[in-house]
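Several structures are given next for inspection.
In the two assemblies presented below, subunit A is common to both, partnered first by subunit B and then by subunit C.
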Partner chain A sequence: MKRNEYDVIIVGGGITGAGTARDCAMRGLRVLLIERHDIATGATGRNHGLLHSGARYAVTDQESASECIRENMILRQIASHCVDETDGFFITLPEDDLNYQAKFVESCLAAGINAEIVDPKEALRMEPSMNPDLIGAVKVPDGSVDPFRLCAANMLDAKLHGAQVLLYTEVTGFIKEGDRIQGIRTYNHQTHKSGEYYAPITVNAAGIWGQHIAELAGVKIGMFPAKGALLIFAHRVNGIVINRCRKPANADILVPGDTVCVIGTTSTKIPFEECDNVKVTPDEVNLLIEEGAKLAPALASTRILRAYAGVRPLVSADNDPSGRNISRGIVCLDHETRDGLKGFITITGGKLMTYRLMAEMATDLVCRKLAVDKACATAETPLPGSGGKSFREVAEKIWENPTTVQKAAVGRLGMAAERMQSSDSVSQSLVCECEEVSVGEINSAIERLDVNGLTDLRRRTRVGMGTCQGELCGCRAAGLLAKAHGCADRAREDLKDFMTERWKGMYPIGWGDALREAEYTQWVYKHVLGV
Partner chain B sequence: MKLQEFTASAHNFEECMKCTICTAYCPVVPVNPRYPGPKQAGPDGERLRLKDPYFFNQALKYCLNCKRCEVVCPSGVKVADIIQSARIRYDHTPPRLRDRVLANTDFMGRLARPFAPIVNGVTSLGVTKTVLDVTFAIDRHRTFPKYSGRSFEGWLKRRAKEQAKFPKQVAYFHGCYANYNYPQLGKDFVKVMNALGIGVQLLEKEKCCGVALIANGMSQKAARNAGQNVQALQKAVDAGLTVLTTSSTCTMTLRDEYPELLKVDNASVRDSVILATRYIYQLIESGAAQLRFKENYRARIAYHMPCHLEKLGWGIFSYELLKMIPGVEFTLLDSNCCGISGTYGFKKENYEASQAIGKPLFDQIRSVNPDFVACDCETCKWQLEMSTGYTVKNPISILAEALED
Partner chain C sequence: MRFDTVIIGGGLAGLTAGISLQEAGQKVAIVSAGQNAMHFFSGNFEEIGTARERVSALFASAGVRTHSSDGWMLMPMGSMREVSLTLDDVAVFPDKHVAEKALIVNYTGFHDFYGTFLAEALEKNGTTCRIRFVRIPEMEHLRLSPSEMRSVNIARVMDEHWEKVVSDIRVLLKDEDLILLPQVFGLKDLSVLDKIRTAFPARVAFIGTMPPSVPGIRTQMLLKRRFEVLGGTFLMGDEVTSAAMHEGIVSSVTTRNLDTARLFADHFILATGGYFSKGLVSTPTLVNEPLFGLDIDYPEDRNAWYDPDFFADQPYLNFGVKTDESLRAVKDGVPLQNLYAIGSILGNTRKADYGSAAGLAIRTAFAVADTIKGGNV
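Up next, the complex of A and B:
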């Protein structure tokens, strides 16, 4: 066997790539995953974190809806530590048509989604933050899912099954022999070295950037970049997901995720060139607050932490300018039959919720091509960290009397918290005070989860995601990274980038307490720490 | 673009800038490593508790509720209220018998009053203290407050007619301490008010303010007391009376803890509940009344401002009144918590921390070596008398003893 030779190369470290890497590795293939940045930097990390029940698509897209509810139930089983089983409401407000509700419930039931009409007063008792003017409420099995955690767990499991993962490595070209892709050329942004990797099959799982990857391979896919902006509020206003019971529109979903809640989204078509640098506009912020306050009036006066935007990796099909009516359906392209290019597959479309199904479809195709006869087992095999129904159950499985730090770690890592050092006072001391992330948890992430810098660390541990946005934890975490990597200069530069990135998300909502906090942070870093 | 005009959250927990000054000023943090500190226990912990009540931390019981965190907070976060509300909301462990006994100050007062000499004798015995320590976890070093054989209420009722003759009237919320333990404080208050030309009335029905019930996990009962007290206060206010108090903690509870912690609306009476020293100071300052003091009164007084009075922001009235007395040599003690915080310091598990918190204050009192200490809080009084040996007097009692006969 040649050096750098694999059975399959997967391009893209989002949830689709990570899921495909896991599935391929579990079926015994030698897998290489290539990602130009870090895990979950594209659409995977830039959405609501909604564990869709499928209800949102029930009226317009039965197929997507039934895929969603099936995957929803699977994720509760295999990724319990990434999922919060909050349930969801679809509420009808006075300006909405209550007749839509009957059609909605009927479509949900047809798709296999357990939708139940709840008396508005009873619904309000269950979720007091909802608009008290509501005239109708339907309960559905929505939930929230942490996409970073889910992606990291898939990546980790792929590695445990022998996959190799290369982050910060960009595909610069393909190695072709006739009509067959033989491998890829790469450039590593950290070592600044080029490389060549070989495999009979390459899977393009690069999301919206898949269009570019396909072009490098010499085939064409028309993607439909649709920007969606979201706002993060500083604490959970609601405990149950709140949706509007009407045709999907702007800012009509409020999801409680971890310690925060997220309102979104908007939908705007953007040119492909802007995908790498999407910005949230003042109009989008206005719209999100205004529409959000219709779902939960408290949002109008709740502190906002950040604004962010993602790009939906939809495959363009028609001339719909909003992108709302395009199917969220999965697109699995065999470029051999489509374009006559052998050894190249594109898996795209779909959504976070259906990543596992997308991975299964892509892996089935890979296996057919490699003549490997092994069934998919990802729907039944729990991801690392999964297990146990509640935080309490998991925490008390691991420790007799869990401390708050240990409880908080279980809230993020699930059973994997067991591996974290937490017995002595140093490893229990806090790095991130807002989210209660300890030295032990940081060190365990550095050891196990491919952490190159502070932003990577944030995606895996929530360091810097709390109210202070890195004010207190950024410098502490930088210290731990400097120790782990043995380089203080690198950590100092990294800290600067990290704080700049935090500020980027605060800028669109820079007023009131967020602005005070940012100003205070600046004092701390500039005048106290001299960074 | 339209900015949010204001943001708000329960007890302002989201307005926290994480500056951590509350933790720097918390008296518990340096002496008890098990306490996560006000920032962590308050605004930080709240976000996790909203995620799941499982993140409630039992160590929140180490909070003294001294409110010093709220006094120093530059962002108006009601840190102690967040912590106490979390205890009320999430801690469902039933209070142990000891805590019930300590918390029910008025019930215990009514029970002990008929047998006061016996009760006082028994509770001051070394053997009783040992038994209470071992079986009850009430620390053996503690001196129990003495009970009085006659209540203040009874005393004032017998003088109601004579009090009614004064042209100006006020109502008096005496609290459990003046009623059951030390009626002399109430009598001193009446003497001072009468000297100002003001008669004193009882409220129609006064219940314990409930502060000890809140601290010991009996907030439902506290809320019932609060409801009855607000009704009684309302009647006094409707009759045009101001309601004066001599206990700083009762005052803070009636004014601030009712709406913030117990969710009992007191908006219509809150502004009429005033600590007596503030009322008297303003009366004198405005020239509406005068107090005449003995010419030969001499005293070296060190004033300790109770934490809850610091929270109210009214300590200045107490000590400025004392400074008006000719012949007083006055020292304002540094701002420190004495460490007892009501029933907190009586508990065996808190005794050491309680004494460690109070140490800087005890040391300063000893070095100032006053004739006696002045303080508006009865539990500070118990702590300081036990820990320093100096007598502690309420400013009202000092005014009373300095008044010209």
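Up next, the complex of A and C:
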């Protein structure tokens, strides 16, 4: 075997790539995953974090709806530590057509979604933050899911099954022989070294950037970048997901997640050049607040933490370049049959919810091509960290009398918190007070989860995601990173990048308390710390 | 209640103006909401300019020791900043090569002091560094709660037990000519700083931590005491709720705690700070001054409020209350006759005349105090 030789190369470190790497590795393949930035930097980390029941698609797209509810039930089993089983309401407001409700419930039931009409008064008792003017409510098995955690858990499990993961490594070209892709050329942005890696099959799981990857391979995919903007509020206003019971529209989903809640989204076509640097406009912010307050009036006066946007990788279902037939469903392209290019597969479209199914479809195709006869087991095998129902139960399994900090860590890591240092008081001291992240948890993430810098650390621990948006914990975590990596210069530069990235989500909502926080933070960094 | 001057805001600007006026024989009241920018003061009087000697003297009378000489201040993350006037806590060096060998001592588990960053920066300038940690049993109770290991809590324990830490450092010290310690000493008693300095053959330098700032809080307490010793009335934890104005003259204000009683005065000084202190309040569409509804210059388009670069000079920090040449606050285009604005509520609107940061606070405080006193310096 040559060096750098694998059975399959997967391009993209989002949830689809991570899930595919896990599936391939579990079926015994030698896997290499390549990611240009960090895990979950694209659409994976830039959505609602909604564990769709599928109800949203029930009326318009039965296939997507039934895929969703199946995967919903699977994720509750295999990723219990990433999922918050909140349930969801679809509410009808006075300006909405109540007749839609009957059709909605019927479609849900047909797709296998347990939808139940609840008396508006009773619904309001269950979720007091909802608009009290509601005239109808349907309860569905929605929930919330932490996409960072889910992606990290898939990545970790892939590695535990032997996969190799290269972060901050970009595909610069393909190694071709005749009509067959034989490998990839890469450039590592940290070591500044080029590389070559070989495999009989390469899977393109690069989300919206997959169009570019396909172009490098010499084939065309018609993708349509659609920006979706969202706002994070500083409190968990609702305990149950709130949706509007009408055809899907802007800003009609409010999802509680950890200590916050998220309203979204908008949908705007953007040019490809903007995909790497999407911005949220004041108009989008205004629309999100206005529509959001219709779901939960308290949003109008709740502090906003930040604004962010992701790009959906929408694909034309056929080869129609006009994009008239855009699908939100899963698209798995075998470029050998489609374009006559051997050894290249694209898996795209789909949703966070259906990542596992997408991974299964891609891996099935890889296995067929490699003549490997092994069934998919990802639907039955729990991810690392999953186990136990409530975080209290999990925490009590690990420690006799878990502290608040240990319980918070279990909320993020599940059973994997066991491996975190938390026995002594120094490890228990807090780095991030907003999200209760301890020294022990940070150090364990640095050791186990491929952390290169503060932003990577945030995706794995929630450091800097709370009310202060990183002004205090950013420095503390930078101190720990400097110690772990033995390089303060790198940590200082990294801290600057981290604060710049935090600011990017703050200035679109820079008024009131958010601007107060910003003034304080900018003062501390410039005048007190001298960064 | 009747005063010569009522000052709204008990931060650096408000206290400086209050002490100046009280020293000149005025009867002054300060209404202070409590926490203010002194709680995250770096100890460096930036852009102090010509007010350097005057503020040193004023602070000295309050027992606040300052260090007036040009040099380099070692910042918490290891950079060096040119300074001309600092609090005595701050270590000022004649050049960037601070020592041959430095011993950096931190308290175990204190994450708001950055030894690793300091060491790497100092080594670039030719200083060999060792980082060591100390811990004493008297501090251990802080660890019972994971969020208590912060500067002020440590400083409270150090006020009682600093000698134990000193003897631990004596054991650690080898041939270093400089010892770097976090600024967690002398919260209550400033003389502790000197006692620590003279306890070693090596020079001792105190380096800033993440806020709260122990030197800043101590300074604020000393200035407040000085103001009260001079006979000033300091209304702590109170807020002005409304103001009575007639034909461009402010006659009185009410406060939350005084209920219906009004504070009457000939002059009013607004020193309520920027956004953080709520001297300025912003909404998605406007920036306003909530007490008097003063004029503020800012663009309507919110996009123009920010620079996408976090570390750039942010436009929103340049918005502030409009004033005339004598710092009289402007309302509806006309300066109010007896209401002055000082400190960071001015934003950088007066940067050209008075600088920014601590310099702005002190220089505008002196300017307004002088105007009120009738031009006597």
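By our rule, the second predicted complex is superposed on the first by the 521 of 531 C-alpha atoms of A that agree within 3 Å, B and C clash if a C-alpha of one lies under 4 Å from a C-alpha of the other, contacts with A are read in each partner's own complex, and residues count from 1 in each chain.
Following the convention adopted for this analysis, a contact is a pair of C-beta atoms (placed from the backbone, for glycine too) under 8 Å apart; a residue touches a chain by one contact, two chains touch by 3 or more.
Remember, predicted model here, so these are calculated numbers, not experimental data.
**Q** Taking the superposition on A as described, I'd like to know which of subunit B and subunit C A:106 touches: first, second, both or neither.
**A** neither
**Q** What is the contact status of A:116 with respect to subunit B (first) and subunit C (second): first, second, both, or neither?
**A** In the superposition, A:116 contacts neither subunit B nor subunit C.
**Q** Who contacts more of subunit A, subunit B or subunit C?
**A** When the residues of subunit A touched by each partner are counted, C comes out ahead.
**Q** Taking the superposition as given, does A:259 touch the first partner, subunit B, the second, subunit C, both, or neither?
**A** After superposing on A, A:259 lies in contact with subunit B but is clear of subunit C.
**Q** Figure out whether A:516 sits in contact with subunit B (first) or subunit C (second), or with both, or with neither.
**A** both
**Q** Have a look at where A:488 lands relative to subunit B and subunit C in the superposition and call it first, second, both or neither.
**A** Touch status of A:488: second partner only.
**Q** Figure out whether A:236 sits in contact with subunit B (first) or subunit C (second), or with both, or with neither.
**A** A:236 sits against subunit B, while subunit C stays out of touch.
**Q** Looking at A:531, would you say it contacts subunit B, subunit C, both, or neither? Reply first, second, both or neither.
**A** second
**Q** Which partner does A:433 reach: the first (subunit B), the second (subunit C), both, or neither?
**A** Both: A:433 reaches subunit B and subunit C.
**Q** Once the structures are superposed on A, label A:475 by its partner contacts, choosing first (subunit B), second (subunit C), both or neither.
**A** Once the two structures are laid over each other on A, A:475 reaches subunit C alone.
**Q** Can you pull the subunit A residues that subunit B and subunit C both touch?
**A** 282, 285-286, 404, 430, 433, 436, 472, 511-512, 516-517, 520
**Q** Which part of subunit B faces subunit A closely enough to touch in the complex?
**A** Interface residues on subunit B, with respect to subunit A: 1-9, 13-20, 36, 39-40, 43-48, 50-52, 54-55, 57, 59, 75.
**Q** Could you pull out which subunit A residues touch subunit C in their complex?
**A** Those residues of subunit A that touch subunit C are 282, 285-286, 403-405, 425-426, 428-431, 433, 436, 438-439, 472, 475-476, 478-480, 482-483, 487-489, 491-492, 496, 499-500, 502-504, 507, 510-512, 515-520, 522-531.
**Q** Spell out the part of subunit C that touches subunit A in their complex, as residue ranges.
**A** 37, 40, 42, 44, 46, 75-79, 81, 108-109, 111-112, 114, 116-117, 119-121, 140, 143-144, 146-147, 149, 208, 210-211, 213, 274-276, 278, 281-284, 302-303, 305-306, 308-311, 314, 316-317, 357
**Q** Mind pulling up the subunit A residues that touch subunit B in the complex?
**A** 234-236, 239, 256, 258-260, 282-283, 285-286, 289, 300-304, 390-392, 395, 404, 407-408, 411, 430, 433-436, 466-468, 471-472, 511-513, 516-517, 520
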